[in-house]
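Two complexes are shown next, each including chain A; its partner changes from chain B in the first to chain C in the second.
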Partner chain A sequence: MTASLKETGLGFRSLTITVAFALWGATGAMAQDNADPSAVIRVGSLYEPQNLDNTAGAGQGINEAFNGNVYEGLFQLTDDGDVVAKLASGFEMSEDGLTYTFTLQPDVTFHSGDPLTAADVKSSIERVTAEGSQSSRKRTLANIESIEAKDDNTVVVTLKERSISLPYNLSYVWIVNDAAKDLTSGEDGTGPYKLDNWRRGSSITLSPYENYWGEKPKNGGVTFSYFKEATALNNALLTGAVDIITSVQSPDSLMQFQDNPSFVVTDGQSTTKEVLAYNDRVAPFDNVKVRKAVARAIDRKRLLNSIWGEYGTLIGSFVPPTDPWYVDLNDVDAYDPESAKALLAEAGYADGFTFTLDTPNYDPHPIVAQFLQNELAKVGIKVNINIITANEWYTKIYQAHDFQATLQEHVNHRDIVFYGNPNFYWGYNNPQVVELIASAEASGSEAERDEKLTEANRIIAEDAASGWLYLYPQIVVSTASVSGYPVNGLNSQFFAYDIAKQAR
Partner chain B sequence: MSGQVETAAARPRLSRRSLTLNIGLFLVGMHVTVALLTLVWTPYDPTGMTGGRLEAPSWAHWAGTDRLGRDLFTQIMIGSRIALIVGFGAVAIAATIGVTLGVLSAFATRYLDDILAAAFDILIAFPTLLLAMLVVAATESASLFSATLALGIAISAIVARLTRILAKRILSMDYITAARTAGASWPSIVFRHLLPNIWPMLAVNFALQFGLAVIAEASLSYLGLGAPPPNASWGRLLQEAQGTVYTAPFGAIAPGIALVTLVIGMNLLADGLREAGDPTRRGRQ
Partner chain C sequence: MSRLRRLTFAVPNGKTGSDFSGIALREAPILVYIARRLAILFFSLLAACVVLFILLRLLPGDPANSLISVGADEAQIAAARRQVGSDLPLAQQFLQFITSLVRFDLGTSFVSRTPVLPEIMDRLAVTLPLTVLSFLLALVIALPLGILSAVKADRWYGAAISVVSQLGIAIPVFWVGILLVTLFAVNLRLFPSGGFPPRGWDTPVEALRTLFLPILTIAIVMSASLLRYVRSATQDVLGSDYLRTARALGSGFSEALVRHGIRNGAVPVMSILGIELATALLGAVVVERVFNLPGLGSMLLLAIEQRDYPNIQGVLFISTLLVLLIGFLADLGQRLVDPRLRESRGARS
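Up next is the complex of A and B:
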């Protein structure tokens, strides 16, 4: 995951569209009756944070452990992709869309005992946009002109340009006590849990905060235990050292849990997309017909099965089902080698062509590359696989744009905006899409924004702007005695407060 | 009494010696045969997705299939060819560079000799794999050639140091002094006196280095720095099988066996050659 694109541009989300997750209900319903409210939930994870501050390069692990658990934002991105008000009790947007007035929840206190005030909110947002901030959200919040604490309970944010996604973007901003000192090894948030203990290299322990303003957690605390590699993590679950493991990276390690009634395997939807990215600036991939031909020549169903077995989802574009502008576009360029050959002939490549596929050297890219090599050979396209490291990928492809085609996994939520940037590494440039994506952010309502982005989504699919191979599954495995945990892990979040553990 | 014991002890040693050599020859010969066979025939198309996902070994697929449904036995056969190419190639490069520099160092003035000797020691202090990774990184992209070259260069320091030591010992012999006094040119000394005398010891070392090169190539491929896919290097097969080792252990076991048999074969061959060529033992036969 090292080379994954951690940067998201503008993001949006309708509050009204909901996506059904069959498994959510299944895990949520069990074991409630006999739950032990004092049980400590032990979570096993591979992602230990580097430090405890998400503006200081702590890594995805800190979002997992702290988002919604220790720190809260004005808004929260829920596990099924909705944005809901959290520390903001409500907000008003001005006519011109440039001024947002947020009202804060009353009676909220930080773990240190200080009350939450508008000044804390102002300093928290400024922490993210500050010069030295390493937050991945820095760029999206650069649109903020000024922040004013009108009174203790009211914050006024003025924007440079209209931005319908401000609430979504603010869901990434932790509200931190402005008097807090050391945030890299301590905390002072408003969440349902406070930090009990951080044993570097081993675990983070959270215990319930007794004066929490909202609903009390359904458990007596959480311990995140950190493991260096997947096998050790799986064994910890097998031997009962942890109750839940947060993300499984290969379907084959699931065999030991699948047919065992002591464990529950949940198959959620991640936002990680395996992408065959063409350099749309250079021949032959500057030709739409060639890109469509390649898409039609690949049996993506078989590929997904090879890599993930029964898991994962096929997507016909860059947009996963948890984004509000998702539509099923799998049929646009469905698997059809005969029409692929016809399209190649129309494009002037009746005898095929040869290209180099720059392939990152870590799983699953090399095996995906070999699959593509095989499939494309059948329609006369010869693929040369060039194995590169994550660093080379960054310099050669992401920075220098020196490539024909490459493989990469894109992990972010709401990242269709990449296609609205003609300078992005894949160089897709359709003025209509650029216009739609730019104007969507300035929409007057979320419905208008969603309509524009859905349209952009359809166009990139028709243009076969890239090859969208499949969507990774988000697999969480737990013992049968715990329930109520998030299954989709959007933005690596793992809300622990609803997890209940059955009394023995 | 003592004479009897000695005879009894000598016999098993004789048979053991030939057994080592024979097993080594058999294992290496088997891999060479398979490698040559792949040039004209393999059970399946090596990249053809002819089976299901991770099929267990069966009559149709002797070593099962990988995630893409490719026949693993075919890939392992091709792997023999890649291992032998890299092994021979690396040793040939190492022999050319190493022996040349080693002999040069042995002949050189004290000053130059010291510099070369220090250079060999520094190179040897670098782990072979690390050195090979540096060379691969310096070339444009990983390929079978870059991996072979990298390993050849890494091993050449070892060969050079051994050659230098062996050559120095020979050069101090009386017959060399005699040859020099008789006016023999240095090429004549090198090719007529020096190399024939150090050759047996070098050959043993080459066989050992061959085995190490095969392992190093597997390690490079495991790290994605060896021959690029779809070249069926054993290291790449092992790397791909890593994630499925619980559900499909044969994917890791089969290339593992192939790797072990070739390396053990080369080591036994080296041992056998050493014993057969050792002049201190020759008299006891």
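Up next is the complex of A and C:
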């Protein structure tokens, strides 16, 4: 059914008038002049949150809808990847780097009307580190020894070890009113918008919070409309039911927007990596030569092109160009089937081998799996494709490590740290990398940290720890009448307050 | 006139002097019948729930997996399993499930952490109007056309209706939906391509506008098969002895058809109507997906994806209940129309 839906989506292309290519980067400069401050921005997305609490397994959709819009942190990760102070007006770090003293912005109130105090900050951080917390940052914040509300306006955080990423990690921590009761279907944050309505399976509506402490939003509210099918989402944009699509996931559909002056297609920076993850614990993938051979046998350029056309980026390791420890490692195991065969022979697999590739049942993994099957057959490796659901993936692969190789998209920013954890599902264990990644966090300066992580990055590439197939593109499409939206969507965030819509 | 009326009942009933209001006289057997049917309904529901519970646990996967993300450590996985209760022995899970079911407590979603029943009610506010309105529209299309195509089978339009309806049975419902979206939403911009207004039925015009294409989609496909049934039921009536007798007694063709034919033809059509309505309710899954509607079907699909047992069980419980109720009502309706059925059941019990 999905396939036929997509084909129909393609059919629309011929109906749109092709006049000129929309230029990216110029996200509707014309819209600024007669922007309508009361216009409600309608955002279309494929990622409905599962609930509204980011410590209760809400999924990536909650970051998109709520980070920076409804909830704010002491710090904010901007769309450009910078960490800036938000609810913290400033902070001081002790000599030894173990004590941080944060002062809070004055006159901040929660949507319920309560004032922001240091006690709220303390309880908010503790919500993330609590026993039942499902926050993805629980692990990184485990380094916190104690949190103290010194006075209403000052919070002191004491660490067990130095942590250069503390402000970055705190950008994930929502500051929530400690008196709030229902956080899974309600909210009490300090952001420029408050939750108006959540119709499950359909939409979240945010309206401006009248007593917001900072700059007022440039619009009269936001509605996030949620879709299950990329085609339905595209139709909504085509018919004017939404103004923006946060992340285009169907390459086929781009054509109908690219060639149409009513729409603007923006190609931003992405952190989502398509990874061929081997189980580095088991034969034959415990052998670095085999892993390198597989990497060299895959024409990644052709793979990326067949899926995304001119979009997307090739990466030689797990690190995207936006991370400070990026270096171009594409040549480490460049496409070279002949040397792949030679390496296989050296490793004792001159006649190739057979392995099972556990493939999640959603796009793009099944297509990627078929491509790999064809490519690897050319060097004598036979791939059995085993399709599994996302849910099974967590049981079989993530928890039981019962696999030879799998495909997975890794969405997070700065997630090279996974290679520093030998218990991670792919089982990569290089003590040198473990040490580099652990000590990088305790660095005294960012330069020192970046140096260590760059080194770790080079080593994982040399070890071909996994197969890094490509970096997804991050494509936002909007009607030409809106401007000021984020284009990179780092960590799935989508700040809505600067979006302006032209008055009709 | 009075002769004709007697005749109507004389034929199917084998008795005379009966009237439509005769139900009042036969209240007792009908009540016994209803009680029996309700008891059967209750036990079917219970059996369905038990089967469902077992089948769900046979599916690979764990609801706790919906709560964790890549990067979760063992403590977080354990916490998730504790929270959804998938760390408990199956027998204990089953006991909890049955006891809360008896109290008509459908529980709380593992994933959204909100009570199941209110969400089902929210979703029914989309699915029920969608199903019922599609059904009514399908009836409005199928009844006159079905009768017409049977009565005028020898004319070109009678045959044409029959052929088109056969075509209608062959095409899948999602395809009709996509066609309608392409035509009415993307090209003509007359109706929204999908979605449901955030305020729902507080904005009734908007809500109806978004439901128009989905309703039309279901109605087109449903009316095609309904039309076939109406057509063949009408053909049976046309060839029947009682119609010929009525005609022989001086009744005009259309008068005879309306007076005797509809009632007799309605019996088989009615059981089909029940099945069609139930199918539409369950088949709404597909249409809701195409039109991005937050109905019961999309709730079920998502819940299965997430292995959100309380939501799956809740939705299937309510839809099983609805389907059984529809079957019950269709049965009851048949009995009201056809006294023979009333008799036989009443006599046996």
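By our rule, the second predicted complex is superposed on the first by the 473 of 504 C-alpha atoms of A that agree within 3 Å, B and C clash if a C-alpha of one lies under 4 Å from a C-alpha of the other, contacts with A are read in each partner's own complex, and residues count from 1 in each chain.
Keep this in mind: contacts are C-beta pairs under 8 Å (C-beta built on N, C-alpha and C of every residue); 3 or more make two chains touch, one makes a residue touch a chain.
Since this is a predicted model, take the numbers as computed values, not measurements.
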Chain B and chain C placed together on chain A: clash or fit? fit
Q. Of the partners chain B and chain C, which touch A:301 in the superposed model: first, second, both, neither?
A. neither
Per residue count on chain A, the busier partner among chain B and chain C is C
| message | Quick check on the superposed pair: does A:252 touch chain B, chain C, both, or neither? Answer first, second, both or neither. | response | first
**Request:** Classify the contacts of A:216 with the two partner chains as first (chain B alone), second (chain C alone), both, or neither.
**Result:** neither
| Of the two partner chains, chain B (first) and chain C (second), which one does A:281 touch, if any: first, second, both, or neither? | neither
So in the superposed three-chain picture, is A:241 touching just chain B, just chain C, both, or none of them (first/second/both/neither)?
second
Partner chain(s) touched by A:378 [first = chain B, second = chain C, both, neither] | neither
Taking the superposition as given, does A:399 touch the first partner, chain B, the second, chain C, both, or neither? second
Superposition result for chain B with chain C: lowest C-alpha separation, Å, rounded to 8
Note: overlapping chain A surface for chain B and chain C spans 389
Counting only contacts in the complex, chain A reaches chain C at residues 1, 4-5, 8, 11-12, 15, 50-51, 53, 56-57, 59-60, 131-134, 136, 138-139, 184-185, 197, 199-203, 205, 223, 225, 227-229, 232, 235-236, 238-241, 389-392, 394-395, 398-399, 408, 410, 412, 415, 418
Listed in rising order, chain A residues that touch chain B in their complex are 249-250, 252-253, 255-256, 302, 305-307, 309, 359, 361-363, 366-367, 369-371, 373-374, 385-389
In their shared complex, chain A is touched by residues of chain C numbered 60-62, 65-73, 75-77, 79-80, 82-83, 111-114, 119, 122-123, 174-175, 178, 181-182, 185-187, 189, 192-196, 198-200, 286, 289-295, 298-299, 301-302, 305-307
In their shared complex, chain A is touched by residues of chain B numbered 47-49, 53-54, 67-69, 141-142, 223-225, 228-230, 236, 240, 243-244, 246-248
